[in-house]
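Two complexes are shown next, each including chain A; its partner changes from chain B in the first to chain C in the second.
Moving on to the complex of A and B:
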């Protein structure tokens, strides 16, 4: 018995306690809800069975129903636009800024630090601010675009079905760029300077150095940033209620927001769960890519 | 002999720090020049200025007769071997070697043939498809060399290339680099803080100190006639002994301080009563039975088998002798030195008298 307690204090037992605590935490707060969610997507759920675990089995009925919803393909299209446009914008702007601040000029590190403000701000606040900026009648974006002569007519970013999803994309790009920039800047800083010097002496111009040194050396960082970006944009919720509420007519609704609407506005918990399981498969795919990309480290 | 690299009155400032102070140097085509000095003396800055990796504040730099002011490194046609080797970790040995050729639009079959050729000279033939992380230190060093050779550049620049290798490999690579230099008929500039490397490899050694050239010349010239106490102390191993002394009445001998009135002969007459510093190389001091001109009490004796190091109890004097000795710590021994091996320096300026 005393050996058991000794091992708890200083030995394998201690290791197991530490790992166990972390696993228990994950299991209780992420694993069980996840399993419950998957289970729910295969059940008939209504207000009367909400409190029970075992409900009538529904098989794939919920999945078929979700796909048959009239807005399913619109939401799917919106989700794709939202995810890829946001990621592309965040990545390109973030990478450009990271490259820019990697140059040595006075205050580079300080200004780069200030960019993180956007990352610190709550999504709802960012959404509210962009809601004002994008407002059709008094928004500052329209004023700027008009005075620059880029547009003549007022654009109703949030209420025009052609633009509503882009309104949220713009806000999301602003929100996520700093995070992309930070991770990419760390990756850039990890590339030894003398590689660039060697490449320069070997005759590479700035573009060739970027293409043959920076990009290949950043492979794992870029993989990580893109996978985290995919997970982050799929999870994005706050901006939708703050800017468009998914409207007009679902033209700016994405899977995550739709799932929330199903569950907590229409109280169709089964369909809400089904949509989130579908999303989960996508995120799982991204996670696999992320894990694989960090395994293929080429440095050293 | 034509001058391949010509530095004229080069100055380099980093903010308020004056890294190079009016350095002028002519490097002849086909020569092997070593830049040597303690860390912070500006030797690496000078090398990087030649490469174009550092801009020079003023002065002119010409490579093969062309002024290099404002010319970016990639257009200077010089190759550099870095201390860290700076191999491209995501490329195989072959890709590392052919990188510059590919950038210059050389066709793949030709680039591969050249890589095979260079790999044969540097002993890398079996390793062409490995990545740098799969190579040993010595092999990485060879890849770095090969990458420089393949371009057939106007000059090779070496920035302490051997300092990451172990002692045995360092001695071996020293010879290999020199042999390669001779075979290619290249012009090489070699930066090192190790005076042995400089002495053994170079035709021409440049000793730098605080951003200035202290002395330059053939290795043995620096050893035989150092212009200052600094060079005298830097060149030669173990380092030269420096002893404060006063010129005696006859002007032909120096009375050593702290040695109970011992003397050494002076190579040329000096004004009696003058304070000087005499420099005595450990390998020139001899233990003698009679006719010793000064005496020391032996402190420590270290023998490597081939040589014996004897140091005085007050640590003022070290001497080296090739044969074994029966001298023990605490013994009082007489020392002598031929007058041609006595170096005399001014105690104030440190310059040779």
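Moving on to the complex of A and C:
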């Protein structure tokens, strides 16, 4: 017995306790729910069976039902638009800003740091602000775009079915750009300066230097940033209730929000769980890419 | 250098870009200072005609913001406490060894980091309902949000521990310290700053937590500020100056802390794990 306590205080037992406590906690509150989610997607869940673990088996009925929902393909399309447009916007703007702030000028690091406020703000507040900026008749974005001559007519970002998903995309690009920029800036800073000097001596212009030095040297960073962007975009939830609530007529709903609506507005927990499982498969795919591209860094 | 190089021009450009990017924040504060009729001017005024702060006390008391914000603080403190206590030890062990098992543990933690809250909320809600945790809704939210926050914390703090020289800990062990003693008197103090930055980040994100609170907490006097905001926010909102005043009260403390600690937060984020 005393050997046991000694090991806790001064041996491998100490490590096991430290790592075990955290892993048990995560297992109970993330691992188990995940498995439970899969189980529920194969069960009939209603108000009467909500409190029990053993419920009537449903087989693949839930999956068939979800795919047959009239809005299924609309939501799937919206999810793809939301994910890829957000990622592209965040990455392109973030990369441009990172390249710009890699120049040497006074205050570069401080000003760059200010951009990150978008990242620490509560998602719901970001959604509220953008909801007001994107408002149709009184929104400031329409005013600015009109005075620049980009649009002639008022665009009803939130209530026009053609634009509603883009309203959320715009807000999400703003939200994620700073984080992309920060990670890419770290990658840029790690490229040895003398590579650029050598290329310049050899007569390479700025575009060639970017294409033959910056991009190849940044490959693993770009992989990590893109997969983190994919994961972050799939995790985005707060913007939807704040800006469009998925409407009008589901034209701006994505898988995560749809799943939540099923469970917490229609109380159809089985369908909610089923959509979650489908979405989880997508996240799994993204995380495999993420783990592969960060493996070297994580092992340190 | 072949091209003309003028740092001051770049600085001006940088300030312009920052101003453009931070325009939404400016718009939040400006709108909150406008009168109820001025917010519907078309075209909108870029500076309020008669800046009026009376909406702030009105929103603060009318929306019982002190209760909402207090609940946000309680939830964020709980999440931060659990995350720091459990996560720090885990990160330390994962930084100390290199083996297949550590890789497996890290892989599991990274996998948990990517789970969207909207995927987890359905099973968590049903599970909490079965074990009776829904009767203690704030505790339930704290537990759920801590599990969400911990993987990110572990990955970041692990990077901090990796930068603590192994030799210092070994020297303490040679001098007769136990593992526990060396951990608390040598390793932890050296990693203190990194842990603190990560704890602040955890607190900030838990302070804005929305989906778990919205789904789990039904009683109005237990809800955090995010749920309070969602109560009068939607596609058909109209009292925008009140919404913006509420938002301003909600985020200004976060923004202030962030601007004050900006350098540390940014360097904490960029060291190690996120490279």
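Here is the rule we use: the second predicted complex is superposed on the first by the 294 of 300 C-alpha atoms of A that agree within 3 Å, B and C clash if a C-alpha of one lies under 4 Å from a C-alpha of the other, contacts with A are read in each partner's own complex, and residues count from 1 in each chain.
Definition applied: a contact is a pair of C-beta atoms (placed from the backbone, for glycine too) under 8 Å apart; a residue touches a chain by one contact, two chains touch by 3 or more.
As the structure is a prediction and not an experimental result, all values here were calculated from the model.
**Student:** Quick check on the chain A-based superposition: chain B and chain C, clash or fit?
**Tutor:** Chain B/chain C on chain A - fit side by side.
**Student:** Where does A:202 make contact in the superposed view: on chain B (first), on chain C (second), on both, or on neither?
**Tutor:** first
**Student:** So, A:14: does it touch chain B (first), chain C (second), both, or neither?
**Tutor:** A:14: touches chain C, not chain B.
**Student:** Can A:192 be said to touch chain B (first), chain C (second), both, or neither?
**Tutor:** In the superposition, A:192 contacts chain B only.
**Student:** Can A:162 be said to touch chain B (first), chain C (second), both, or neither?
**Tutor:** neither
**Student:** Take the Cα centre of chain A as the vertex and report the angle out to the centres of chain B and chain C, nearest 10 degrees.
**Tutor:** For this superposed arrangement the angle is about 80 degrees.
**Student:** If we overlay the two complexes on their shared chain A, which of chain B and chain C does A:265 touch? Say first, second, both or neither.
**Tutor:** Touch partners of A:265: none, neither chain B nor chain C.
**Student:** Mind working out whether A:217 is in touch with chain B, chain C, both or neither, as first, second, both or neither?
**Tutor:** First partner only.
**Student:** Looking at chain A, which partner touches more of its residues: chain C or chain B?
**Tutor:** Comparing touch counts on chain A for chain B and chain C gives C.
**Student:** Once the two complexes are aligned on their shared chain, state how close chain B comes to chain C by Cα atoms, in whole Å.
**Tutor:** 5 Å.
**Student:** Would you mind listing the overlap between the chain B footprint and the chain C footprint on chain A?
**Tutor:** Shared contact residues on chain A (touching chain B in one complex, chain C in the other): 298-300.
**Student:** Would you tell me which residues of chain C are touching chain A in their complex?
**Tutor:** Touch residues, chain C against chain A: 7-8, 10-11, 13-15, 17-18, 21-22, 24-25, 27-28, 31, 39-44, 82, 86-87, 89-90, 92-94, 96-98, 103, 105-127, 129-130, 143-144, 146-148, 150-151, 154-155, 159, 162, 178-180, 183, 201, 204-205, 207-211, 214-215, 226, 229-230, 233-235, 237, 240, 243-244, 247, 250-251, 254-255, 258-259, 262-263, 265-266, 269-270, 272-275.
**Student:** Which residues of chain A touch chain C in the complex?
**Tutor:** Interface residues on chain A, with respect to chain C: 9-11, 14-15, 17-19, 21-23, 25-26, 29-34, 36-37, 40, 45, 50-53, 97, 100-101, 103-118, 120-133, 135, 137-138, 140, 143, 147, 158-159, 174, 177-178, 182-183, 185-187, 190, 221, 231, 234-235, 237-238, 241-245, 247-248, 256-257, 259-260, 263-264, 269, 272-273, 276, 279-280, 283-284, 286-287, 290-291, 294, 297-300.
**Student:** Within the complex, which stretch of chain A touches chain B?
**Tutor:** Residue list for chain A touching chain B: 192, 194-195, 197-205, 208, 212-213, 216-217, 219, 298-300.
**Student:** Across the complex, what residues on chain B touch chain A?
**Tutor:** Counting only chain B, the residues touching chain A are 51, 53, 72-76, 78-80, 82, 84, 86-90, 99-100, 103-104, 131, 133, 147, 151.
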